[in-house]
Amino acid sequence: MNTPILSVRNIGKSFGGIRAVDGVSFEVNKGEILGLIGPNGSGKSTLFNCILGQLTPDAGEVTVNGKNVSGMRASDLNKLGVGRTFQQLSVFPKMSVLDNIILAGQEHHGTMLARLFGPGDAGLTAEAERMIAFFRLSHLRDTLAGSLSYGQQKLVDAAMAFMAGPRLVLLDEPAGGVNLTMLANLKDRLVAYNAEHGTTFVVIEHNMEFVMSLCSRIIVLAEGNIIAEGTPDQIRSNQTVIDAYLGG
Amino acid sequence: MSQFLQVLLSGLATGSIYALVAIGFTLVWQAAQTVNFAQGEFVMLPAFFVLACMSILGMPFWAALLAGLILSVVILGVLFKKLMVEPILPHGGITLIIATMALGILLKESVKEFYSAEAQPFPAMFPNDPIDVFGAVLSMQDILNLVLCLGIVVLLTLFLNRTRTGRCMQATAQNPAVAEILGVNVKRMILYTFLINAALAALASYLITPVYLAKFSNGETLGLIAFIAAIVGGFNQIRGALVGGLLIGVLDNLTAAYVTAQYRAALPLVLLIVIILVRPQGIMGTSEGRTV
Amino acid sequence: MLELKKIQGGYGKITILNGVSFSIPKASITTVIGPNGAGKSTVFKAIFGLLNIHSGQILLDGQDVTRQTPRQMIGHGVTYVPQGRNVVPQLSVYHNLELGGITASDQANVRKRIDMVMDQFPMLRKFSDRKAIELSGGQQKQLEVARALLLDPKLILIDEPSIGLSPNLVQEVFQTLIRLRDQGVTILMVEQNAKAALAMSDYGLVLELGQTRMHDKASALLSDPRVGQLFLGGHIEAEHAH
Amino acid sequence: EDTVKLGMVAELSGAGAPAGTNWRDGIKIAVEEINAEGGILGKKIELGEYDTQTDPQVSRALVQKAIDEGAYAILGTIYSGSTMVNMLVAQQNGTPQFVGSESPSIVQKGNPFVFRTSSGSQKGIPALTSYFTGTIKAKKVAVAWVNNEFGKGGHDVFTQEMKKAGIEIVADVPSEQGQADYAADIAKLKQAGPDAVFVYMNQEESARFLIEARKQSLPMPLVGEVTLTEAKVVELAGSAADGAIAHVGLTASATDVPGIGAFDKKFEETFKRKPTHDAIKGYIGAWTTKYVTEMVGELDGEAFAEKMHGLCLKAADYPKILLDTCWDEHGEMSRPSFMVQVKNGSPVVIGTVPAN
Amino acid sequence: MAKSSTIRILVILGLLALAVAAPIGQKNYIIYILTSWLIFTIAAMGLNLTLGYAGQISLAQASFMAIGAYITALLTLAGWHWIVAMPLALLACFVVGLLLGYPALRVKGHFLAFVTLAFNTLVFLVLRNEDWLTGGSIGLVGMPRPDFGLFSTMKQLPFYYFTLAVTAFAALAMWGIVRSPWGRAFKALRENPIRAESLGVDTRRITLLAFAIGSTYGGLAGTLITPLVQFIEPGSFALAHSLRILLMVIVGGAGYFFGPWVGAGVVILLPEILRFTEGYYLIIYSALVIVMLIFVPSGLIGVGARIRDKIWPKQQVRADMAEGASLK
């Protein structure tokens, strides 16, 4: 019961001469909302990519629910209930918003062969439409995702991470470019989802108001190393973090 | 031994011609991120401009060469860019690629219909006297091809990477939207690319045709081999075209001489596939960088 | 200094801007806020000559600049930092910066300015030889913002500079903008980080459904309860969405 | 009706275009002459042109099209691969067909409607054997051939002939159509050191081969069938062609033969270039159509075909046939042929080979 | 919604009726051309899946036609019925297509173009050089057309209807694939493979399938070419023909279901229509293709919409206008 849902041990990754992630270890407990912050280029996104199979780390080990998933492909991880978003916009530009959202859920419905012969939407239209409505994009349901505004694409991106009913979601800057009111909705959504399903979240964010009010624990990364860890209040008053990141 | 040397040296000489054509591919890629499938025909045509100037207008050879160069730059450079590249490029590379295939047919068939279906001899710019190199025979022409090719690679690489105009051309290819916002004259950069490409094609044409003979269908094989050379070299590096071209020239000859003539068109390809699978960015190419 | 008169325009068949009008004075900072998809970025594109404008007029210092090309706009002293990522991927950081000043006639001055912005964003100096694509998201944004400072513009259009920047750098960027304004540069900015942005701005502009809804002193918008509720994180809408 | 339609189906584009256009132009001259003389059975010839793009499938469709459009006889195609397919269509429709192809298999299919305009390689190449055994007294030879259906056919016949004659083949060097670089081929031949090399390639390939052979100074005689000494090849290869020898069925350089000389002149006047053997073949095909139809006395494909089998036409009686020519019961033809050598840049007849 | 789908069904039925009626009263030659149009439509449909939907460039479609054609030829010449030979040919193409898909897991874009191009060259050379099996450059000749007891396809017209039936069936199957979640996964692979992978799409499998299914369609076209032409030789399956199929896909409209039909129509029928210009038809044809690509770069399938927009330029208001502003 008490095994952490995600445990990262000693992950390291270099690019040429740059040590982007330098032997980072931490654990995330089930049902936690963890914040991951740090200056630009401190290795946050690289860490995500190493955990989720988009990059192969030079060293270290990742376990999800006690299962070693190092080297596992992203699609298999997703099937284990791990969802994510990317820092840069990554919708499918020439597919409609609805198709984007359905795609995010369809691979979890039945076997591959059954999907070929099943309904075209894998029975997901209703759920997808609810999701779209929540993010107030209903009027854009059939619009190509590539022609949405930045913030709207960001929302579609976030919506996709939820479609598969994940147990662990890693969000890379979900707030960037999202209107403050919508952001409040998003935060509510995260909290409610977390409460209802016990879903665990790890959030990278530079919007301090958002992180501090959302997360129960925060890890601070700088130059590939963890330099601080604690509750929002502890982080806010940590001088090292203020110097390196928050500013005066 | 002298057979081996002969095969190797001749392979290098032919390879340098492939390289010269392949440079066009990498140049167009680096400056417009598209592939010109009519490149072979671009090399076939200038020789016919020269022949036409000589036979129809009665120009002397050197004047005809100059006229051919000018015609190439205007038709294969300016007009090609204005009439085809500019309207189609914004709609994506693949459409332009297909359009250039059609252009290839158009050029080929026009030469055939309006000039001649048969091969024509073409005078050499340089003497073709054989030179003995440790028992192998090369011609002055062969050696000049190699030297010229090398020189062009060096010059173009310097131009693209060391001059502001060169970097503007790269910016235009890699991210035209940003280039435009920053005030780069995008249209002009694309024009430069195609002007250089056309001039190079004319040069290649002049060097190749004395050996290959002028024929409307020359572009088919030449374009294809050069395309392969460019890819194998890495496509995003001018010097890659040189390496790719020489490699194919040599591999092709070695295969034919020592392994199998029946499969000489395939064995080098299979070898190159292996190389590509091991080094997906090509031999000299650099990886396009971070994707996530 | 900049005036928009009933601008209508859009993408293809869809009209996005339904008559946007406003004018901003010289040497001021104006922040545009509004919900996602309101048309903020579209207004910028309209000004910079990147949008199909159906009707209306754009005046810059009294001169009609409607439907001019980006190159012409740069010639008038306007620079634009779009939303999202906008670097030349395979060129080095230094050469990306250099492109920022490509239209300047005095290249020595551009080199001096590059040195200056490198002091401001030390990361750029450290990584000046690396390809831009290899930088992290925030580093790329720094590069973009820095690149916009290389010319001597009259008017800067800057679309959400804070996305992806760490908080200390957001402050740095805002300070820079204030400094520029004090030197007489006019700044038009879009920001979702609206409270902070309005706090440093002279004027605020609310855009919704492709129309100007409010245009006032920034402080007035900040203290307007309706604006707060609708666009600055009020809670009323979460309810009826369920 | 006062016209008779002929379907000229040939390789007007694609790899076969040089052959095809010559074929067409030879026919054009013949048609002009025939029409000037009042046509066939008093009806003017209407020539339909069909371009196969050197694609067998297209050629099949076009033979069908020509017949659909009322062609009385088909003239073409030249590439054996195409002929193999499209002759089925002509056969099904009972339409006589004159082809320029030289692959042996064409007349081995028992198709009663197909007729050659030149003898197949299984007849042409054996005519060379005596040259190798007698004139050169070769013990070992090499063969350099283009690996397409044309070259392959010649290569196979040649190797068989040499085996029969007890001559060893010390190097067998195939090359690709459109190949540009013959350095490896020549180096290989040089290494093997045969007494003579049999060269069987298309025009430009022959020329490129000769140029590279000269460059590497390949010492032994180069002997070919038809193409190697053609005017075009000589023009292209320049001085490198000097010394090359070939056996040719028809050659425009055989100007001693009155009909050929006249044709050569007329062709050059009309098209500003020298005719190739394909042009002469097309010319003969068209004229034979007239001669034989008029012998039959009506436009009847079946009767025409029947008449053709075993027919011999003497140049004395039928001048436009150029040389005495016979067709056997398979449609194979035979007529006297020539040995030609390039001397000082022009092909010269150095001997005559009787019909076989 | 319902209305537009009934319209679509009516249109399809109408086109089908047109296809049934088209060859009636035509000469053999026209029927032959119509038949090859159908066959190339099948091949282009396959490439459209691989390239248009899944975004994987392949320059080897003709070589799959070759594999299908040669297997059918060899088996039918050995006395097997087409109906037995065809599935075997398809199976072979499916397997080889899977294998060709493997490089696509490592390389993309022009590198993939090169690998598939090399494959096409290799297949061509094997067909030409291994003449003990394939007849070499002379080819294979005399393959029978299938005979289904009461329905013999020996004549041109019945063969057309036979091909039409096979094409309709193939189109139906393709429709089933692209409208299923697979179709969405193919598109996702084309648009953003990394994101697709992170959403649980097994991009490896989908890539391989895109090649395998596309190749199978190429093979199916091959199994029909054999009895149509009754002669095959390596040259009919050289690289140029792969490029021709690619041309069909692009000219028709890549990634659109009906694109291949239009594209194959243009590439096969247009030259026929232009034949009256004799020597110039290829020149005119290629010039027309270029002009087409300049004016409708996304394929002819979109030309209707473009013309409509030209004639009735209609501005739409933004969709969220109806909801009204929240700040009055």
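By written order: A, B, C, D and E. Residues from 1 in each chain.
Keep this in mind: contacts are C-beta pairs under 8 Å (C-beta built on N, C-alpha and C of every residue); 3 or more make two chains touch, one makes a residue touch a chain.
Predicted model, so just to flag it, every value in this text is computed and none were measured.
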Completion exercise
In the contact graph of chains, the distance from chain B to chain D in steps is 1
Completion exercise
At minimum, the number of touching-chain hops separating chain A from chain B is 1
Fill in the blank from the handout: chain D and chain E share contacts with B
Practice task
Return the chain pair with more inter-chain C-beta contacts, choosing between C-E and B-C.
Solution key: B-C
Handout entry: Centroid comparison with chain C (C-alpha atoms), farthest chain
Key = D
Exercise for the section: Express in whole angstrom the distance between the two chain centres, defined as the mean CA positions of chain B and chain C. Expected result: 43
Problem - Inter-centroid spacing, chain C versus chain A (mean Cα positions, whole Å) - result: 28
Exercise for the section: Provide the C-alpha centroid distance between chain A and chain E, rounded to the nearest whole angstrom. Expected result: 40
Exercise for the section: Would you mind pulling out the distance in Å between where the CA atoms of chain B average out and where those of chain E do? Expected result: 31
Completion exercise
Residue ranges of chain B touching at least 2 other chains are 109, 220, 262, 265, 291-292
Exercise for the section: Could you check chain C for residues that touch two or more other chains and list them? Expected result: 35, 37, 134, 230-231, 237
Fill in the blank from the handout: Among chain D residues, those touching two or more other chains are 13, 147
Exercise for the section: Please give all chain pairs that are in touch with each other. Expected result: A-B, A-C, A-E, B-C, B-D, B-E, C-E, D-E
Completion exercise
In their shared complex, chain B is touched by residues of chain D numbered 13-15, 17-18, 20-21, 147, 173-176, 178-181, 183-185, 187-188, 190-191, 203-204, 207-208, 211, 215-217, 232, 235-236, 238, 273
Handout entry: Of all residues in chain B, those that touch chain C in their complex
Key = 164, 167-168, 170-171, 174-175, 177-185, 236, 288-290
Practice task
Spell out the part of chain C that touches chain B in their complex, as residue ranges.
Solution key: 48, 50, 70-71, 74, 80, 82, 86-91, 95, 98-100, 102-103, 107, 131, 133-134, 147
Practice task
Using the touch definition up top, name the residues of chain E that touch chain B in the complex.
Solution key: 57, 103, 106-107, 110-111, 113-115, 117-118, 121-122, 125, 129, 194, 239-240, 243, 246-247, 250-251, 254, 279-280, 282-283, 285-287, 289-290, 293-294, 297-298
Problem - Residues of chain C defined as touching chain A within the complex - result: 11, 34-38, 40-41, 83-85, 123, 134-139, 141-142, 160, 162-172, 192-195, 229-235, 237-238, 241-242
